[in-house]
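Dropping a structure here in structure tokens format, bear with me for questions.
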């Protein structure tokens, strides 16, 4: 079955305002070209989920006013420090924050992947993470002989998984190698939108070696070709991150004016769009 | 870290009597050479778990008197029909039977993989599978607004996963490609013993393509080289099953004498051992 | 029936119940449901996926044995096929044992995924080529998967049709029973009554004859479906369609 | 302390708490714990594994982001490192916010895996290079992970040591508090009292000085460990060991 192939702009037009969007961390395969397009289309009220954390892309979305809710185990620009727009939004209480811990995000996505309504997880008891998550419950381990409190996490089913990949094929199969949290995101989400460095004509499932690291087209709603689509982040085994640019963002985004200037230059500017 | 490399006979000497052993189905990567060695060493009281079903190897173990308990969603020789030694043992009630359904085996192994004490699963309510599994419980979905019964499966933690693979390396990394139920077995089990067609000197984790389908050595207790080690079953993308031989087994194993003759010829016989 | 084979009638009748679906899964060793799914896919204009469970080939899954069940649990599988050593009038399915479970008269391979898939796949088509009082019984000896559940049980899935070598039954979810939908060419309602171990409803008026596939479908069955199915079930394809495995 | 650097003292002191373990995991951006783990691995005669979390390289995992946590949950991870914007006298760790959680004075990245790993990893070594009353507080403003739990809580893991730029604390699980174990060369007990926001126990008798690594360990640190760590943390390796990244 052939995949739906779109331009990056048309791809993000499939993501409605208010959508719950799963995003990978900066060291994985992030769809930055799509995120810029999402900002350009003026997305609003997004609920962004870091799997299990996010960085640059989420900070940009927050700064651009696209985000109502953040659900993640951390927000970080790694060596470039705190995420400035996220930090400002939290201090101003202008977004709803749902702090998590990494394995809870993975486990809750696995519950969605399996079609089970919840999954138990160890840890968390007595933490303020738990105290501030009214959507989580503490139950008892039904197999324990005595009292054994354990956290019950409801299945986390994003409306959209938005990812970038080094390779996809015309059937919508997407190669992600060992970055299987992207596969989990695709399994767990209602829709998965993928940008890829390259879309090939052969079948990635045709060779057991590539098949082993491939998300089947079954889960993929639409794909778009986007060469260099992770920039300014890098992709493992592909190109490296553009660290001078990331450092510039981290500096610019410390002020409202600096962030606006960055947006004008690299997201909205006609030069920026032409470069996508 | 270098793996412990043993002969097939020494490998199975690590598997104690009474062990709970996870076995894959015939169409996956089955360690038949190791199973024959296990029979030769006179293993007793094994609890064999089909992930989620098993065939030829389990029937041989049952016929040879190695098995006390069978936990599986099915036992089948596929196109060669019912598994004769299993069928006889069930009719004589000489083994303890724990019938399951495929996704319950996978889910219970995932619970062990995650270190959670149980996992919920849909389905099963009102079945005689559930009625006969006193180790499973029915609870309520804590996130439901009204009564919503759901099965709670305790984590299934085999003592041993016994598998065959096309390729392993000297670090104990094991390539299984898309047969990730073998990875789940390795993650979920206390010990994993692997026979491989070939053990190579380079690192399977060194290339992202092979890494994506590789069980890390972290989980692998010991490996043994066993060329043609799945025979008379085949291995995907390798050699095919020896169907005339499987048909002969299915016919021979219908009678006690026929099964004994088969054992003498292909498991205990000096010719059989020399061929391993 | 002239020169239309029973297998072709079954393939056509099943495919008619699959049209418009996005994902149909077929168990291993199910050539007729497999061919029906391929026929429906061929008619779908590229909108239907077909996957084969328990086979090393012919599947597009990459997350191990669990994935197909996860797919079903998520609602990404629209139709599946179940058979049974016994099927009863309440659509209960038995894949385990005849007689006492602890020491049975007959033991079959086991329940496979039925105890789960029957609950979560919207259209489960029951398929049994031996239509006798021995297989279609009043009450199964072991419930691998129940036909119906209490209202409080999560159950988006369940029985949709029962097709045998003699007839096609519809399912009445309200009354929790089967209703004869049509009788295959050459068979009679009286014969169905004699050969069925459970009570079933009749439709209003005359019982229709199961339609044979139209000319276009028949051509597809004998052409591209026969060719594709021969790669999975060469013996079946050779016997029914006279198609040999590609050299 | 002659020419032994503080970093080398810390690396040696941490490594002494890792010897004999099978699997030590280190978070991203943790060069000193990373170097300590590599030193312990070098002394382990090939029996210790070291993995680095949250990095695309230097890990041997193949099942996605969840695997490292699954590994920990199964008991396959013996030691891990946690830091905190605040750490209090009950070993509670805060990685989230200072001030009111709903509208904080300072917001940090977040809890990462701490809310889980602190419960399941037997030896969690707390590590904080800024030892002041601002960081080592009486009570944290937000508990990312509690230091101790009630007896009914499943908790195979927990705090094992707290190491700072001034001293090393041991953990008293019975009394649920820290006990000063040793003071790094050049620092004093009085200074520790002044710079620590929480109360802590003292050992019987004189407080020892944290030993500097022996000659063999120092050679390993400056040789193979410096070289390996420079591949992960080039800036750190260049600053501390004067090791450049391989061209």
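The letters A, B, C and D name the chains in turn, as written, and every chain counts its residues from 1.
Quick note on the criterion: a contact is a pair of C-beta atoms (placed from the backbone, for glycine too) under 8 Å apart; a residue touches a chain by one contact, two chains touch by 3 or more.
The structure displayed is predicted, hence computed values, not measured ones.
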Where chain A and chain B overlap in contact partners, by chain label: C, D
Centroid-based (C-alpha) most distant chain relative to chain C: D
Which of B-C and B-D has more C-beta pairs touching across its chains: B-C
Separation of chain B from chain C, taking each centre as the mean of its C-alpha atoms, in whole Å: 29
Whole-Å gap separating chain A and chain C, where each centre is the average of the chain's CA atoms: 40
Distance between the centres, which are taken as Cα means, of chain D and chain C, whole angstrom: 59
Chain D residues counted as touching two or more neighbouring chains: 61-63, 66, 69-70, 73, 120
Residue list for chain A, restricted to those that touch at least two other chains: 107, 110, 114-116, 121-122, 141, 148, 150, 178, 180, 183, 211-213, 236
Touch relationships between chains, expressed as pairs: A-B, A-C, A-D, B-C, B-D
In the complex, chain A residues that touch chain C: 1-2, 112-116, 173, 183, 187, 205, 211-219
Residues of chain C defined as touching chain B within the complex: 28-29, 54-56, 61-66, 69-70, 73, 95-97, 101-105, 107-120, 142-146, 149-150, 152-154
In the complex, chain A residues that touch chain D: 25, 27-28, 51-53, 72-76, 78-79, 82-83, 86-87, 90-93, 99-104, 106-107, 110, 121-132, 141, 146-150, 178-184, 236
Chain A residues touching chain B - in the complex, by the definition given at the top: 107, 110, 114-122, 137, 139, 141-144, 148, 150, 152, 154, 177-178, 180, 208-213, 236-237
Chain D - residues contacting chain B, complex: 23, 46-49, 60-63, 66-67, 69-76, 120
